[in-house]
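Take a look at the structures below.
Heads up, the next two complexes both have chain A, just with different partners, chain B and then chain C.
Let's look at the complex of A and B:
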């Protein structure tokens, strides 16, 4: 699936430059063209991330110089039950989101991969939640589940089922937050898998049908294997993004009651912006960074080989 | 291909209807209810036919002037971010598509790895520094931050679109004596417009809707619409649902229309930039 690779030779600018006799100008030009992108990444992502690593081994807050404390922040972090609570909350939320979304997205992509009337309209509607801001998404879902008056709450009450209690029960808060996150991001997972399904060659499926393969066999042995790379990419990116979950929980309960529904991003936010403990916030940040990189490791290794292969 | 039985078609139809309901109902309910009177908003079952009123919009206009200021901020930030991201990623994408050496590959890989970084962690070092530089609560700061989050995806998309162009076009232009800038502007750019549109959709949707960073880095002047909507939801003296629905509707209509109108570019962009390499 490699994009058509440009070769290093036979390039117009190089050729022209050779004629002019100044390759260095061309090289300088390349870096000039890359500089806006690289400057943005360096200034706002790479250098701050390095600085976070340094801050995480220091103790500091506003108006106080950083003082080197070694691993004390990490020791304090790992001894904090609220941190572990946030870690496990994140763990369940992330895994729930990723796999439920994968199942729904795959099911939906399979449903729509055949001939379906008004397919473009259906896909447009399915994509709609992607266009909604997180805060409006919360508005929409709270409208449905507001205690006593929301439609879902009302329907549960009429059916004699127990009332929703998402504002005081951490488990329900996280369940609702995960539902809203899935609602927001299902379009992403769906699109990736749908795009992959459209590339599965019809003739292979037809040939297998003639050979007497059942539909389940076709799916398991052909379709699923062919779209596996796309599934892995969808899962990877959803993991990376789900670890960042913040707004859904924050806008429902701000991590309460009693910090029981916090996720890691909220824990970091609180340490930083409520308690001004830069060291603790940085240690949390490094922890999240390492988790993200560990999950992304297989993908990054493959990309590393691919990007450097042609160099 | 196999024929589908009527039962199977019914099940498929039902499942698709369910998916449509799941996606659309929360949005539709809020948009519809924004035209209802306060007493009708929590009626069950919700009335689908009712006399629409603009009271909520009037109240939004009169009582929440900060929402419209925020909408203006959102517009400025979105346009700035889109412009900056497109220029930066087209230039970088071109270089990555057309030239290769070890240093370029190294930076390309670094760009990819940078996407794995959870953005919230950079608030820790950036907030105090930007505060000292008096850059907090400015439009330009949000533009730079958002662009930084999206240039790597943008570059990746543009790289793959440029790589699909036949190089002969550029060679011909070079033989005719065009310089690199002329080649870029007159030959390459018009041919990668679909890529530019794909990048633009991703960036517009992100910048228009971003909540966390806008919440952290703005206090008044640069506050964006999603932050104000969230604040309206968090008021202690009882939530004015109708007014929030009006605000949410105003905020979502333009970008929802954009996504629906340009959905095929979204697929093209995802395929080019995020998925396949």
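Let's look at the complex of A and C:
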């Protein structure tokens, strides 16, 4: 403890003051520069989140004052079998989307990081779905697989194969919804992983090759480890987005038939915009938020550790 | 030469003016403009068709414009409630459908008894009491009926001829048997379904359940869907679905899908509002213009007229509206007998029975007599109450379970009763 004091004392008074002053100035400048973002976060994320949390412990609808009900909305939510069905549907859809998309995105990125003819064209084709409005893309898919008249249904019929059963089978509805989501969001995962792969130093790979490493060992022990932060970011973002999956299922079946293909976002939508039960809708929203945080937490920890390790 | 500070000042001023300008202009304009939230059919009924633009004379006299904001059925109601619940709303008149409203929303709207007493709508008593009652809560009239949407039986005359059917069915049993006969594959490979219905709410299936003498919720709030007559109706629908008379994706179909089925010749019959006649026969959109006819629904199993489903759209004035005087003036104007006739000519379901007696209506609206006949015994889908939307969803969900075969009809309807009962007003 004595040494720093001695060092400080050893510094000329004016230099010491300037250093302290600089640090203060820098801190103030940092805060000043961060403040617009923080203000926006506060206004558009934190305050609405607090409001939603407050609504979730109230009974509220249009034209009526909110009435405090404690945890009654949560109790009603957790007692509702349709909510749990929506939860499990969301669970399977989200995990399916995230991991299939990750595998496809990684596979394509690896393929295209090597010498491939017409690479630019292939990348443009992979990115194209991202340029299509989500709802237009889903409706397009829906008409392709429409029973009797859709092109896919027609082609299956011509081949003597049975029709797709997505309008009556909840499993097929969710599978189709997941496929559409993967088709639409694959460019996001692909771009992140492809960009990460381009930053893997060639000299390390060459050195490992000289040392006798196989292609699999190079990928597993070098490439994969170096792009891990990018993979974690892609997985984290896709988890957060996929939990909110709504349009794919809504525009296909609105969660039907018999609410069997409902996901949590549709459950929330119904409570909010059909039944006007804002308390229940908010409780669902809070549950989804906590779920997102719980999923994000291990990834964030891992990312934090990876970042520190590479810092 | 201007300094950087001067330029910045000028730019700031320009930006501020650009931001404030439209708002200022908007405020000045808003005083002479009424904003209406509704469905496209309301706008069409008020402004387009053989009856002409009904609002034109009112706009000229008042020196006011009308801005129509139109949405789908559910979204129009949702938007109306949302606007009306704000501290200051931007909607002056909103159209509300009976089965989406309830006593909990009554406080959002003006009590129109007060306005009626101050500046009465001529011959108001002609509007059927049942229609007014659909929008009356605790004695308070929250909206003035504008349109009814009553179901008739639409059928494709070309398909009837192809299958050797010479006349529309007379009874429920005959209709269902005919639906089987009319399910066939045409020479060009198009699969025709005998009957098509939308299952987004109970409005369409309830007709057939009532045809078998059943019902869902009675006007005195009793759930009777588990009773034998209703279950017979549900079983009949389930059988039609299993036989492929109803399309496989029936549970997924909405009003617009049914319209497409009829226009493209993929279905032979449907029970839907009479005025869909115009859409089904629209030469711009339909492959069968002039070939889709409509009659009143067939008689029920008891030999009496089948109670067709009706809905009542009505005009409400939000309490937070900025221009209530003008809003009431327009509500009153649109409700006058001569304007009701003009709106009927534009394809509206008139809320004044006398409109059906008008010579022009008789001449130009081929289904006028049949619609009048159907209206006499028509019923709302469900009476208005706070949880009506949720109750209707439960019914559709359990009906879906019965159609999918995951529950037998009786069990499914017992479950409807069990789940809906606690949601009813006590």
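Throughout what follows, the second predicted complex is superposed on the first by the 247 of 311 C-alpha atoms of A that agree within 3 Å, B and C clash if a C-alpha of one lies under 4 Å from a C-alpha of the other, contacts with A are read in each partner's own complex, and residues count from 1 in each chain.
One rule holds for everything that comes next: a residue touches a chain if its C-beta (ideal position, glycine included) is under 8 Å from a C-beta of that chain, and two chains touch if they have at least 3 such contacts.
Computed from a predicted structure; not experimentally measured.
In the superposition on chain A, contact is made by A:147 with chain C only, not with chain B. In the overlay built on the shared chain, the residue A:273 is in contact with chain B and with chain C. Look at A:75: by the touch rule set out above, it reaches neither chain B nor chain C.
In the superposition on chain A, A:167 makes contact with chain C only, not with chain B. In the superposed model, A:30 makes contact with chain B only, not with chain C. Look at A:62: by the touch rule set out above, it reaches both chain B and chain C.
Within the superposed three-chain model, A:253 lies in touch with chain C and out of touch with chain B [touch as defined at top]. Overlap of the chain B and chain C interfaces on chain A comprises residues 62, 146, 149, 273. The touching residues of chain B, when paired with chain A in their complex, are 1-2, 12, 15-16, 19-20, 22-24, 26-27, 29-30, 33, 42, 44-46, 84, 87-89, 91-92, 94-95, 97-102, 104-128, 144-145, 147-149, 151-152, 155, 159-160, 163-164, 167, 170-171, 173-175, 180, 183, 205, 208-212, 216, 225-227, 229-230, 233-234, 241, 244-245, 248, 251-252, 255-256, 258-260, 263, 266-267, 270-272, 274-277.
Contact residues of chain A toward chain B in the complex are 1-6, 8, 10-16, 26, 29-30, 33-34, 36-38, 40-41, 43-46, 48-49, 51-52, 55, 62, 107-108, 111-112, 114, 116, 120, 122-144, 146, 149-151, 154-155, 183, 186-188, 191-192, 194-196, 202, 205-206, 209, 215, 229-230, 233, 237, 240, 243-244, 246-247, 251, 265, 268-269, 272-273, 278, 281-282, 284-286, 288-289, 292-293, 296, 300, 303-304, 306-308, 310-311. Those residues of chain A lying in contact with chain C across their complex are 61-64, 146-149, 163, 165, 167-168, 252-254, 256-260, 270, 273-276. On chain C, the positions that touch chain A within their shared complex are 74, 78, 81-82, 84-85, 104-108, 191, 200, 247-249, 251-252, 266, 387, 389-390, 393, 397-398, 400-401, 403-404, 406.
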